[in-house]
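Next up is a structure, given as structure tokens.
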Amino acid sequence: MVHLQSNSYGKQRVRLTKVLRGEAPDGSPLHQVQEYTVQIMLHGDFETIYTQGDNANCGPTDTMKNTVYAIARQTSFSSPEQFGLALTSRFIDHFPQVHAVDVDIAMSRWNRIEVQGQAHPFAFVKEHGRRTAAVTRRRAAGPSDLSVAGGVTGVEVFKSSGSAFGGFFRDEFTTLAETDERILATTVDAVWNYIHTPELAAGDLPFTEAWDTSYQTITEVFATHESPSLQATLFVMGEEMLKRTPTISDISFTMPNQHHMLFDLSPFELDNPDEIYYGTDSPFGIITGTVSRK
Amino acid sequence: MVHLQSNSYGKQRVRLTKVLRGEAPDGSPLHQVQEYTVQIMLHGDFETIYTQGDNANCGPTDTMKNTVYAIARQTSFSSPEQFGLALTSRFIDHFPQVHAVDVDIAMSRWNRIEVQGQAHPFAFVKEHGRRTAAVTRRRAAGPSDLSVAGGVTGVEVFKSSGSAFGGFFRDEFTTLAETDERILATTVDAVWNYIHTPELAAGDLPFTEAWDTSYQTITEVFATHESPSLQATLFVMGEEMLKRTPTISDISFTMPNQHHMLFDLSPFELDNPDEIYYGTDSPFGIITGTVSRK
Amino acid sequence: MVHLQSNSYGKQRVRLTKVLRGEAPDGSPLHQVQEYTVQIMLHGDFETIYTQGDNANCGPTDTMKNTVYAIARQTSFSSPEQFGLALTSRFIDHFPQVHAVDVDIAMSRWNRIEVQGQAHPFAFVKEHGRRTAAVTRRRAAGPSDLSVAGGVTGVEVFKSSGSAFGGFFRDEFTTLAETDERILATTVDAVWNYIHTPELAAGDLPFTEAWDTSYQTITEVFATHESPSLQATLFVMGEEMLKRTPTISDISFTMPNQHHMLFDLSPFELDNPDEIYYGTDSPFGIITGTVSRK
Amino acid sequence: MVHLQSNSYGKQRVRLTKVLRGEAPDGSPLHQVQEYTVQIMLHGDFETIYTQGDNANCGPTDTMKNTVYAIARQTSFSSPEQFGLALTSRFIDHFPQVHAVDVDIAMSRWNRIEVQGQAHPFAFVKEHGRRTAAVTRRRAAGPSDLSVAGGVTGVEVFKSSGSAFGGFFRDEFTTLAETDERILATTVDAVWNYIHTPELAAGDLPFTEAWDTSYQTITEVFATHESPSLQATLFVMGEEMLKRTPTISDISFTMPNQHHMLFDLSPFELDNPDEIYYGTDSPFGIITGTVSRK
């Protein structure tokens, strides 16, 4: 006998741009731009869609797309976390067959263009990296009904000193030399979960301040931590983020180790005093870890 | 108090090409090529690497890379599943601090080039899609010590008839029209788990035959199933695969719904009798499901 | 003084799918699918658009997109070359300010899915590589009014024998060893121009047969040519294509040399008898050349 | 008769990182990082490589790679333009069979990480966009022996006001509405050529200052130009760059028009006062133009 063990469906890459056409105190235009790429996944009573070809419980993914734009018009939000809260409520409230909904949002980082030292009111240039948010809402009572996470992806960092790697485990296939001075380069991908509170459920946390603190912490710790390994740097990042932001419960990181190796110039009778490196795309190390409050 | 809740590290994109330089019955060369991209993730007693900066338990990811090439030389295998079995054994046997290891392999599909109707002995052209294998081995006794999965990724399929979508759930944001004739297009990503048996643990299953059957089943069901939804097609694919391959226990699919919409030619006083479509990259529907034996 | 030296504008990534809903002799459906991604670039009297902000001569790129779909409906074609001929005529005939138009088309290769040994009438699986066509039409009289090219992109080929590289130029920075047996791997990108004839201008050449011959020639020569360098293989491919297809005047190739290097297993006291290789993404060699009739 | 009409070969994606380990006035470390991805293409007496399989004139692309690293060690440079000048000289001087060499460099933009308001001495975060340089050197006498270009790629900009598009050419396939307020979004790709002078040939121009001025000009003009079309904005960018940097002779731009369309909320009885947009990946407009001194 065969059965449907698990399932989910949804819509990916729904691209929303919302322009808030506000005014400066002098009445001139002062715009905000919110550019979100949204993914929605539904969990629920969908078994007969799969097993019987019965679509009665199947809300079309096209409707999910429409919902993104309609809810964006109907609600006011200043962060992707708040938009995720609104979107997930919509599906729980209007799709009775849905048990749980995941909304993942990637936000482009638009900075104002500087014109003669002044931030322009409606022109923007894209900053590196993306801010993310993930909201899961369940049809349940109590603290398990909601998870809200913030995050960052694609922040590329590099340091030319302050990184070592030695004292490691060896077997017969180990050829790596120990080093007390290497290049450390990675692209940080981090996700942090907020502690469930009434303020969180109401969307009343300062999510954007928390994001700014996280970004600052990640780059600062990367710069200043005297690193014995990328793993150890990861843990210090997590520790420091939990210290600085009491509203988060835990943080998960995924960080590639983007190797830079000294190029061997000896065939050309040239020395290489930690100066000339080549980067490689493959293979690369990958380090993950979750740091949480006990 | 802060602690390391979970962690893992490893190596990604280790690119191995193994050439088996065999001979045909007449003594002329007859080569096989195995091109694998390997990812290894380790789980184990790594906490002090993160929290103390103590690398005594840290097998370098560079060693993992070396291990891929050394084991490829030392062992004989005819499938990525068998290579994954060998690689995971190596880490469990030689890294005492490791509790579990995941090896994921993506295999390029190299077909022999036809020259005047004959398959060439050592020249190949790459076929669409990739075969995958995933082996997890745990330091444990009994059936939980090993999971072996086969899979396929990147198989793009398209049908211009035999697909409908109607009778679906509607709310105020639903604008999609019902249709009894639409284009169905997707890129199949499937993973199937093998039932734990002594033959599996010994690597003695006909993995490549199972893969060929799976590929054939996926494309055949896609072609012939009168589809009321991509979800229903997914389930029939899974049912049929379990029927045809008794050694697998379950199958998971992830399939985007790659929309093709009729272009509105009415402004130009042209009709469009299900002929002229435009494809979109975003947004897209995404359908997932796992079909298993009860 | 400043002026506009040159300019062009157009539309990219117009995605067209045309379904030809034909019938088999027994009256059952037998469909053809044409999936083209189209790029159009216009050259003409556009200077005042740029310098004066005067859009009177600016046909919107949105109109170009509409034109792709409308012309696809209004005309019958069996190849991207023929569609390019029709599209370029449209712009020359209806945009008096246009001097020349370039249309580039990339065609997906959809093969029929095999079901119990039979090609399915309306279900397809995507083949590796893409067929291309490029048509340039000028508002001019005579043979310079039209250029038509066919092409192929993304055909990945690999051979484990029959390739050497030696006797090369050396300077003080040369460390490469000569070899009489190496892996040769590349991704072929080729474009061939048709000789201007009345048949060509009328779209009456067998473009698809020429494409099949080209694909066959490229893969056959790759397989069978005893290669002293990728450059020499390129030239033999070109020679053979000109020999087999009298309607083409010249062929240009761009081929990366996708290096596969023997992995050094000596630290592990293992030999490596031309068996274990690693592939690299960067850097890579790049070989280009145009072979033409004198 | 068949012949080799033209040819070139070289190396792509040579990834160089050079760390300048300098000191601050107080003796503490103060590093600079130069991360370049280099492409080299050679033109010369290579015909017999292709036609005869004779490699006597074939400098291996592996040697080109080595040359990048060796020259990076042997020479001092503060810009990709200067490194391109050094690299091209090397090939002209040491490869007698070479007639001309093109070096293209893409430079990552590494900014110092801010730690408590201070720029860190050796830790960096990657900024959006990349700086480029292109140097062509010919074995020739006089001003035609050298071309040097600077450039920028990947700068994404967006404005929510100050952009219109109307008064355009119409034909029967035009459906686009005129608008006096639309979103304008593009990713700027610009290349500017320097005027040939003895200072240029000596590498003595302030290339980095010119780059900073160009970046500032591009973003400022984008922000402040009341745009009747992307073409017109392109021309003003070019005019302004020629005005601000007298050492450049001309500038070429390639800019996609990354469309953002108002989402139709009327089926939901919602208005959309220029607020809710969706972005599309395909198709997109593409605008090119070269602005030069007369």
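Letters are used for the chains, namely A, B, C and D, taken in the order the chains are written, and counting of residues starts over at 1 for each.
Here is the rule we use: contacts are C-beta pairs under 8 Å (C-beta built on N, C-alpha and C of every residue); 3 or more make two chains touch, one makes a residue touch a chain.
On a predicted model such as this, the values are computed, not experimentally measured, just so you know.
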item: Farthest chain relative to subunit C (centres taken as mean CA coordinates); value: A
item: Pair exhibiting more inter-chain C-beta contacts, B-C or B-D; value: B-C
item: Subunit C and subunit D, separation of their C-alpha mean positions in angstrom; value: 25
item: Chain centre separation in whole Å, for subunit D relative to subunit B (CA means); value: 38
item: Gap in Å, rounded to a whole number, between the CA centres of subunit C and subunit B; value: 29
item: Overlap residues in subunit D, where contacts from two or more other chains coincide; value: 14-15, 66, 70, 172-173, 175, 267-268, 280-282
item: For the subunit C and subunit A complex, residues of the former touching the latter; value: 172-173, 175, 267-268, 280-282
item: Subunit B contact footprint on subunit C (complex, rising order); value: 14-21, 29, 31, 33, 35, 66, 69-70, 72-74, 110, 113-116, 120, 122-128, 155-162, 183, 219-220, 222-224, 260, 263, 265, 267-268, 270, 272-280
item: Residue ranges of subunit A touching subunit B (in the complex, touch as defined); value: 1-15, 37, 39, 41, 46, 49-63, 65-67, 70, 94-95, 97, 165-176, 228-229, 231-232, 234-235, 238-239, 242-243, 250, 256-257, 281-294
